[in-house]
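What follows is a short report on a single structure.
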Amino acid sequence: MNIGVIGYSGDKNLEPVKSLKNICFEIGKLIAENGDTLLTGGRDGIMDFVCESAYKNNANVVGILPWDEEGNKYLNTTIKTGLDFSMRSFVLLKSVDIVISVGGQVGTALEILGAYAYKKPIILMRGTGGWTDTVTKTLIEDKYLDNRKMVELYQAYNIEELSQHINNLRGDVNL
Amino acid sequence: MNIGVIGYSGDKNLEPVKSLKNICFEIGKLIAENGDTLLTGGRDGIMDFVCESAYKNNANVVGILPWDEEGNKYLNTTIKTGLDFSMRSFVLLKSVDIVISVGGQVGTALEILGAYAYKKPIILMRGTGGWTDTVTKTLIEDKYLDNRKMVELYQAYNIEELSQHINNLRGDVNL
Amino acid sequence: MNIGVIGYSGDKNLEPVKSLKNICFEIGKLIAENGDTLLTGGRDGIMDFVCESAYKNNANVVGILPWDEEGNKYLNTTIKTGLDFSMRSFVLLKSVDIVISVGGQVGTALEILGAYAYKKPIILMRGTGGWTDTVTKTLIEDKYLDNRKMVELYQAYNIEELSQHINNLRGDVNL
Amino acid sequence: MNIGVIGYSGDKNLEPVKSLKNICFEIGKLIAENGDTLLTGGRDGIMDFVCESAYKNNANVVGILPWDEEGNKYLNTTIKTGLDFSMRSFVLLKSVDIVISVGGQVGTALEILGAYAYKKPIILMRGTGGWTDTVTKTLIEDKYLDNRKMVELYQAYNIEELSQHINNLRGDVNL
């Protein structure tokens, strides 16, 4: 599967990114061990951590970059979209089968909502803060983002629950 | 000013759009009387009502359409973006000075968050349902969508409050 | 009709733009007198001349701008696409019924070819230089840009011939 | 380097694609042997041939697809841009260091001109027909696409000349 990971950008040596290093490393490793492809925005923050872990565990790691910016050091494939931060997110979302969300400011919120609009299942890593937790306040029936109930949002409190959700979804995705 | 109005799409003879006819007509008239330009997604739902009112009151009415679809009957200018529903919203947001939100499903949520990401002030027409009301559950200090506090969201409960917000913002916008 | 005009950008007080002032003014006036809407890239060069003339003759004048740049002084409607110079051209092309080309560097060539790819008729103002003349070297049967013969390119040597082509095309365009 | 290959789409069992199988296979093999990454539009025509050869020789093969279409069978990484055929080409061009052109209709012409606009060197595989040959009629000083002389176009008549051009350019590209 193509798995998108979204979340906080920013300096990985500062909060709120710094404290998410362990969970990000676990996510990257899980993607690699499952033989899945990782797609991210390709830059700093939690993307850097997840890419590093997936890359070092031999996953195919793809960065979908805004403008013609350079990506982080852990990318097998770099796509420069020529689009701004918001619009390039939709290229990322079109290309993935599922999305994993870790913390995040408004850019992450846009990606969670955009994934739902494109009917891509989203797994929220609960407890990672930001919009990944905040968005749960808006859910209808604890799993939908609007009345049309286009696709479900799932919630995982640890790597085992994430792994379980990914395995359940793998059967549903049309590959 | 260029004023974007976002909200529910769908059949204007059915709920939840039908009941919003009066407030939409008031918004369109206000924009026209102020001499502002109206920009919308150019199609059905609350967009159709606001466009009709603004158009009949002689505003400049612009529709920013997805793909190469046709717009509603109340457009002076039709822009066919060739982009999908989500991506074309960002062309709309880039082009406006402020955004007024009325009800809305996830597409409207994307536009509220996108406006914030582009630092465009948003006025929520409270009581119109959908994400226009739901998003208030996520606000920080009752006016910001993330910790970076990039731009304020305002709340209006009637056309007079909307008019007041627009007048206050008019001084701030760089025209 | 929505009529796109493309061609040289650059300082209107310098060649090659300067010498094209008269023909640009005639084109803008013709569009206004026909009651058509003018769409351009909204900035300098021949766009500025055509916009000035159309605007002063009371046409609806629309600028489709790259990024969030400002347009020239002769626009009724300004669309900021957030896209780069090349990609925003495709929003312009999607939105027009026919294209008129005046001189132009490679950006104009992209727009001529893009119009053809979108099956929009193109009228080349012969003798204005640049790609408007150069592209004729590549035509198949003196009117097609590839073997698929998707739409015709027309050639006008003066404003009367342009006017004739526009009138002929008006009947074909689905309005 | 990231190398883009552009050219005829269409059924690979029919002309004009069919006769280009050998040169496409040689190009794919060369890219793989050099350890470069291949990026194409990811679908049929000469793209299918080049991808097959590069993939079977263990190159990293990336497809930049329009809309959310599926790619051919020889892709390590599939990017679904959500953009139409023309606009997605600009994502491809932003992401590559150099471009190799083989035959092609107007879509290929757009990519040749777009590469020039983005200052990416282009190598024309002469004798492969279509716009790859036609564009040479428009060159200024036999190597530029407009008066700004933004980047050179190179011409190769066989795989050895192509290899030589790639090696010369490798030193110039900022990797």
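Per-chain numbering from 1; labels A, B, C and D assigned in written order.
We adopt the following convention: contacts are C-beta pairs under 8 Å (C-beta built on N, C-alpha and C of every residue); 3 or more make two chains touch, one makes a residue touch a chain.
Treat the numbers as computed from the prediction; the structure is a model and nothing was measured.
Note on connectivity: the fewest chain-to-chain touch steps from subunit A to subunit D number 1.
The chain pair with the larger count of C-beta pairs in contact, out of B-C and C-D, is C-D.
With every chain reduced to the mean of its CA atoms, the largest distance from subunit A is reached by C. Taking each chain's centre as the average of its CA atoms, subunit C and subunit D sit 29 Å apart.
The centroid of the Cα atoms in subunit A and the matching centroid in subunit C are 42 Å apart.
Here the spacing of subunit B and subunit C, counted between their Cα centres, is 31 Å.
Annotation for subunit C: residues 82-84, 86-87, 90 touch two or more other chains.
Partner subunit B is touched in their complex by these residues of subunit D: 82-84, 87. Against subunit A, in their complex, subunit D makes its touches with residues 2, 37, 60, 62, 64, 68, 76-83, 90-91, 94-95. By the touch rule above, subunit C contacts subunit D in their complex via residues 84-87, 90, 105-107, 109-110, 113-114, 116-118, 130-131, 134-135, 137-138, 145-148, 150.
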